[in-house]
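Just passing along the structure, written as C-alpha cells.
Labels run A, B, C, D, E, F, G and H following the written order; every chain starts at residue 1.
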C-alpha cells in the first residue's frame, strides 16, 4: 500500500537482490501478526506513537489475553475497550501493570511514556449518567496523548451551568459532546462554538429513547452546523477522531 | 352522559310526563346531527363559546361543504383544519364570509364575536420553515378567543435570539414550542420557563429526521420537566390544549 | 438570566461597590453547586416550595448518596426517581427519614411541611399492571403538594367501570391518563372531559406493543383534542407538568 | 388436493379407462386457466356462489382487461379491487354492465343474481375520512351476498354517538370496525359486543400515525378480547372474512 | 349499558319503589367488584358459562392472589394467563384445585363442569418451538368449553406434513394457525381451507425476525383471504375469538 | 490485483524493459475509463462474455448517454437497469439498435452474439403484479446468456398452481423466487426443491407491507434452508447471482 | 410429491397389488415420523448423504432428546444447531459419541463416514468476535461433507489483511462472508471475486447496529453484484446453501 | 455572550457613558436583524470571512427573497442551500449576479473575493448518482474558501479505482466520503487514511436502503476509527465541518 516500499521492492528486483517470486510474496505480506482467530494490524502509518487498540466485546477471555500477549512485543501502549472485569483479570496475570477503569470498561497498559498535547479536547456531558461514556472518551484521548478538559453535567435543563463553562469549552481545539435522552446539548454547543463538535449519543434514558435512538437522530439533525456524530455510546470513536483533529496543524 | 340531564329524565318519568320507553330512547339520543357520512357532535359541555371544528383531510369537497352547511344553523364560529383550497372554494360559495389561510390550510368562519383572553399563549418556533404549523396553532388559538404572542425563528443554533425574547415567553400562561429537525428548542425553553410547555414536532428537515420522528423523539425525551408533546405538525391540537389551560383559573 | 439581578450588578459597578472583573465573574456564577460529576441546580425561580429532584437511573450508589448529601443543606424536600433499593439503602444511612416505595421506585425525603393544593389531579389507569407508573405519578404529585385522586383499572375493555368514576375525573383540574397495550383510554377520557389530559403510555403488554410504542403512537394520534403525551412510563414527568398546571390561576 | 377426485383417478386407472401417464398428468392439472401473466384459479370449493376477485393494483390496464375477459366465461359475478378509473374504462368496453365506485376503487360485474344473507355484518367507522375503506368492505360484502349495516362516524371522541347505535351493532353476526389515527374504536366496540370483531386500521391521520402504523399497533394490542386485525386499509379482506363467518351455522 | 336493566330502573322510579337519586347512583354502579388496585368486571352478558380471566403479567403475586380470592365467590371457572410459577404457588394456597401448565404459563381453576362443543377448533403450528403459544391457545379454548384438535409441526419447509393433516384441518369450524419465523403457514392454510383462519405470529426465531415482527407482517399481508391476525404470541386472544366464532350458529 | 500481471511487471522491470517509476505508475492504473463523473470499470476477470452494466437511477440523461458512448468502444453487450424512457430516447439517438422494456425499465444493446447456457434458471413469481421485477430478472439473465424458464402467478393462495409447475422448477440449476406481500412462496419453493433459491422480495402490496419490508423479513426468516435474499425489487441482482451459479461446474 | 413414487403407486393399483383406498392413504402418508410435538421429515430427496438437522432453540431438553432418539434409527449423521449445553448433556446420555462446540452451540453426531468435497467453501470473517457464527457455518458445512477454508479477522479497517488472503478466497467455489457492525466486507469481497457470495450479517457491535440491522441492510444494499444475504447470525443457513452450490456441477 | 463586549458595557456604565437601563437593553440585543418570519443571525464570531447561509427548504419564495435582500447590506457572500429554481429566479431579480447549480440546488452570491485555502478537502463519492450531494459539499466548501479535490465514482465494487486515487485522498487535510446503498466506502477509506473522515450517507438506492438508512447505519457502525457522520444527503453540513477543520492550525 505504501508506494515507498513498493518502489524499494522493484529496485531490489531490478538489482537482482530479490527474486520476482519473493517480491510477489512480499506484496501479500504487509505487516500483521496472524493468531488465527485474530490478525494484529501493525501497518497503519499513523500508528506512530498511538497505542494498540483491542475491542474486547464478543471476544473470549483467552482471545483477549492472547492478543495482548502478542502485542506486548511491540512495546507500544495498549488500550482495551469494552472489557469485562474477567478479561482484565486474565490480562493482569500476564501484564501486572495493566489498569482497569470499571465505569469506562477500559484496560490500559502503559509501555512507554506519553507526551501530552498542548491544545486540549473538551469532553462535555449533559448529565451524570453519561459519565461511563465520557470516561471512555477521556481515558482514550489521554492514552493517545491528548490533553483533556472534563465538563460534566451541563445539560440544557439548566442552561446557565453550560454558560458558566463556555470559555473553557471555546478554548478547546475540538469538542466532544456526550448526551442521552433528547441530546439537545450537541446543538446548543454547536451554536456557541466555532470548533469541530463530535457528538456522542448515549443510551441514557428510557421508553421512547429507544436505547439511544432519540439522541442519535437529534444529533444527526442538528440545526447547528459543525456537528458530526458517532455511534451510540461510542466514547472511544469520538476520542480517536478528536485525537486525529487535535494533531492537525 | 350529563348527570343533570339524566336526573331530569328520571323526574319526568316519575311525574308521568314522559313514558319509560321515551326516556330510554332519549338516553340513546344525545345531541348530534346525523348526516349519514358524518355525525356532528353538539354535546360537549365545554363547547360553550368554542367554534365547531372540522378536520378536512380525507373528506371530499362535498362532505366538507355539507358539514359546514349543517353547522351554520348553530350560529357558532367554525374552524376547518387541513383544508385544501378546493374545499375552501366550495365552502365560500355557501358562506361568503369564510376566510382561508393558505400556509396554515385553515378555513375560519366568524358567526359571532370572539372575546379575547387576558392572559396569552406564546407560540415559539425554531425556524421560518415551521411557520405553516405555527400559524395553524396561532389562528386556532385566536378563533378560540385566546390572545397569542408569536415569537418566530429563535432556534438553538443562535440561542441569543431566544434570550432576547425570554421575558415575552415567560409572561405567557402557557407556551407552545414548535420545532423540526432535532427539536432541541422544546428542552431549552422547558428549562427556562415555569409554565406548561406544549411541544409540537414538525416534519421540517430531511434524511434522518424521518418526517418528524427525530423532533418527536427529542421532545418526548426532553430532560426538562414540564414539557408534553402532541402529534407531528399538529398545530391545531397544541392550540386546543393551550386554550383549555389558558381558561383554567 | 434574571434581569433584576443583572440590573443590580450594573448598579453596584456604577456605584463602584463592585469591580468590573468581579461582575463579569458573577455572571458566570449563577447558583449551582458543583460536585464534579454533578452540578446541582438551585436557580430556577419556580423551585420555591418544590422538592429537589434526582433522576437516579444510570448513577452509581455513591453518586446518588453524594447528591442527596449536598442537597440536604437546602432544607428542601427531596425526590429520587427510578431509584434502586441499593441506592435507597445508601441514602437511608445518611438520612434516616428517607422513605422508599418499591413499586414506584421512588425515594422521598420530607425536610419541611407540604401544603396541599385545593384543586386535585386525577390519576387514571387502564389496568392493575399500570400501577407502578401511576404510583410514580401520584407520589410525585403529592410531594409537590398536589392533592391526588387515584382511579385505577378502568380500561376500555369494561367501559362502564370508567363511567362510574366519570364525575370524580371531571372534577379534577387536570387529568393524568396512564395506559399500556393500545392506550385507548386516553382518547376516551379526552372525549369525555374538558380539562387538560396528560397521557402516559406504559410498556405494559407484549409482542406488538414494542415496549410501549403502541400506546405511545395511539396517544399521539388521539382523535380527542386536549390530550398531550409524555415519554413511555414517565409518571414523574406527567406529575410535574400536572403540578405546574394545577398551580395556574 | 380433493381426495374424492384422486379416488376417481385411481379407479379409472384400475379399470383401465385411463393410462398411468394420463393420471399423473391430471394430478398436475388442477383447474385453473393459464394466461401466461396470470393463472385464474377456479378450484377452491368455497367459490360456489362467490364472485371472482381481481386485485388490480400493480397490474397493467391490458392485464386487468384480459383477466376479466377470461373470467366472463364462468358467468360468475366479478369483483375488481383497488382499480383505477383507467382500468375500469378498459373493462367497461368489453363488459358494459361493469360498475365503478370511485371512493372505494371497486369494479363490480353482476353476471348472476345475488341472494342476500339473513344475518347481517355491521360495518362501523370512526370517522368520515374512513369511508373509502368502509365502502370497499361494504360493497365487497354485498357482492358476496351479505346483508350490511353501515354505522359511520361514531369514533371515541364523541362516544355517545357510538352508544346510540349500540343495539344495531350488537345485532350483527360479525362486526367490522374501521378506524385510523389511534384506532381506539376497535377496543371500545370489542368491550361492548360478544361477536367476532374484525378490526381494519386505516392510514387516515398524519405525522406519528406513520401511514396507519398507529392504528394497526393499537388494534393488535387491544385489551378487549375477540378482536382480530387485517392489513391497513384492507376493507376487502375484512369483508371476505366476515362473509365466511356470516355463513357459518 | 344493558337496556333491559335501564328499563327496569325507570319502571321502579315510576312506581315509586326507587328514588331518582338512587337510580342515578345505580347507573354508575354497573356490576364490578372494586379491589382498589383492580375492578373485577362481572357484567359482560356473554360471560355466561365463560371463565373469569386474569392477565397476570405485570401484577404482583399479592394482586393475583387477591383477584382470584375475590373471583372465587362467583363459582365460575377461572383462567390466569402469563402467570409465573410464583403467582401460581400463591394461588394454590387459597385454592388447592388450581392447576398450572408451565410451558403455556396458564393457571386453571375448574369450579364447575365444562360442557364441550360439538364442532371443533383446529390449532395448527409450524414448529415444535411454537408449542408454548399453541398450548396457551388450546388450554384456553378447552376451559372455554371448545373441542380442540392439535396439529403440530407442519410448517411449510416440509409441506407434505401439512397435506397429510388437511382433512382434519378442513373439518374444523375455525382454524388457529400459529407460526414464527416467516409465518408462511398462515397463507398456505388460508389458501387451502374455507373457514375463518386466526393467525398468531410467534416470537420464535432470531435476528431479522425482530421478536415476531417478521411473522406478524407476513400474516397481515397474507395473499390468502379469510385470514386475520392477533398480537404476537397471543394464544389466549386467538382462542377467545375462536370460541366466539365456534359458538355462532 | 491480478498476481499474474504483477509478476509480468516485475519481470519487465528486471529485464530493464520498464522503469521502476513506470511500474509503480502501472500498479495504480488498473484498467478503467475515467469520465470524471464516472469511472467505467473494465477490469473484472469474469467480465468475459458479460455485458457492461449501467445502473441508470439517479444519473442524468447526459450521464447515461455519455457512459453508453464510452462503452460502445468495447463492442460488448450493454445493459442499462432502472432506466427511464427519457434516458432510453437519448441512448437510442447514439445507438439505434438499443431496445427498451418499459415494464422492466431495461435498456439492452446487443453488440455481439450471446451464446445461451444449457442449464436454465427458473424465474418464479407469486403474482401478476410482480412481473416488472421478474422481467428485470429474466431479461438480465438472458442478456448474460442464461436460458430462462418463466413461471408466473403461482402464489400460495392457490398452491396447486405451483405444484403443476413443480417439475419445471425442479429441473432448473438455480431458482429465482419473486414475491411481494407476505413472500411465503420463497419458503414453500425452498422446501420443495434442492437447488439454490434466490428470493427477491417485491414492494407489491400496501399498508403493513411497508414497501416490501414484510416480504423481505419473511424471506430472511425462511424456515426452509437453501434460500438467500437480495434487495427489495432487485431483479437484476438476483439474475446476476443466478448467472454466476449457472456457470459453475 | 415425487412423481416417480406416484407413478409406482398407480402401477401397483393397476396391477391390483394395492387397493384404491390404500393408495389414497399412501399419498397422505409421505414419509415422516410423528412424535406428536414434532414430525421428523425424512422425505426430501436431497437428504441423501445429508445429516438430519434439529433447530434446538425454543425446544425443551426432553423434546431435543426425543427427536435425536427417533433420528438414531436412520443411521444418518445428526446436526443440532443453537443447542444449549443442557440440551447437549441430555443428548450425550443416549448417544455418547455426540460432540458439542460451545462457541458455535452445535451438537454433531457422526453415525457414518463423511466423504469430503474436492472444491471448497471459503468462510471469511471481518473480526474475531464473528467467530461463533463462522464456526456454526464451518462446522455445518463440514458435517455436510464440504471442504472448508477459514479466513478470519480480515475486516476492511485493515484491508491489506484481506488482500493477503485473496487468492485463497478466489479459489473457492462459493464464499461465505460473515461480518457485523457495518458489514462492508461483503461488498468488498463481492467486488473482488466472481463466485457466489453468501453474506451473513452478525449482531456484533452495539448502539446503532440495532442487533445486526446495520450489517443486514448493508449487505442487502451491496453495490457489488453476486451477493445474497441470509438472516442475522445464520451461519447454518449460509453453510446449507453453500453446500448445495458446492455440489452443483 | 462575548465576555469582551460585556466588559466594555460594564466599563461604559462605570464611566457613566451608558445608563444601566441601556446596558440591560443591549444585553438582550445581540446582533440579529428581525424580519418577523426570520431573525438573521450576524453574531457568531467565526463568521469573519464566512458567507451568510440560507436553508431554503420549507421557505416561501417571498421569504427567501426577503432574507437575501436583508443580507445584501452586509456585503458578505451568500449561500442558499436546497433552493428551488423558482426561489433562485426570485433572488436573481434583486441580485443579478446570483448563480444557481441545479444538481446541487445551490444559490451562490459572491459579494467579495474569496481567498482559497492552501490545504485541501478531498470530496470522494462512491457513485455517479451521488454527485448532487457531493456538488452541494464541494460548492459549499469552495464558497467558504476551501480548496477542494473531487474524486468521484470510486465505490468498493471496483476497489482498484479507489486505490488509483489513494495518494490524492491521503494528501487532503480532511476527507469527505459520500456514499449511498451500503455506504461501505466510508469504512474502507477510514481504514486507509489517517485524517478525519466525514461520512455523508446518501439516499441513493432503493428498497431496503430505506431512503438512506442503510448507508447511515453502515457509517455509524464503521469498524474503521476516525469516521464521523452527518445527516443523510447533508453535503452542506459535511463541507461546513470540513471547513472548520481545514482552518485549524
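Basically, contacts are C-beta pairs under 8 Å (C-beta built on N, C-alpha and C of every residue); 3 or more make two chains touch, one makes a residue touch a chain.
Chain labels with UniProt names: A, B, C, D, E, F, G, H = Circadian phase modifier @ NCAIR mutase (PurE)-related protein.
Predicted model only: the values in this text are computed from it and were never measured.
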item: Interface with more contacting C-beta pairs, comparing C-H to F-H; value: F-H
item: CA centroid of chain A to CA centroid of chain H, Å; value: 26
item: Chain E and chain F: spacing of chain centres that average the CA atoms, whole Å; value: 49
item: Computed distance of Cα centres, chain G from chain A, in Å; value: 37
item: Multi-partner residues of chain D (each touching 2 or more other chains); value: 1, 3, 44, 127, 157-158, 166, 191-192, 205, 207-209, 213, 216, 220-221, 225, 231-232
item: Pairwise chain contacts, counting only pairs that touch as defined; value: A-B, A-C, A-F, A-G, A-H, B-C, B-D, B-E, B-H, C-D, C-E, C-H, D-E, D-F, D-G, E-F, E-G, F-G, F-H, G-H
item: Chain F residues touching chain A - in the complex, by the definition given at the top; value: 3, 6-7, 10-11, 13-14, 16, 20, 23-24, 27
item: Of chain F, residues touching chain D in the complex; value: 103, 127-131, 152-154, 157-158, 160-161, 163-164, 166-167, 180, 204-209
item: Residues of chain H defined as touching chain B within the complex; value: 1, 28-30, 32, 36-39, 41, 43-44, 55, 57-60, 63, 67, 82, 201, 203, 211-213, 216, 231-234
item: In the complex with chain H, residue positions of chain G that touch it; value: 126-127, 155-159, 181-184, 186-188, 190-192, 205, 207-210, 213-215, 217-225
item: List of chain C residues in touch with chain B within their complex; value: 1, 3, 44-46, 53, 166-167, 173, 191-192, 194-196, 198, 216, 220-221, 225-232, 236-238, 240-241, 244-245, 248-249
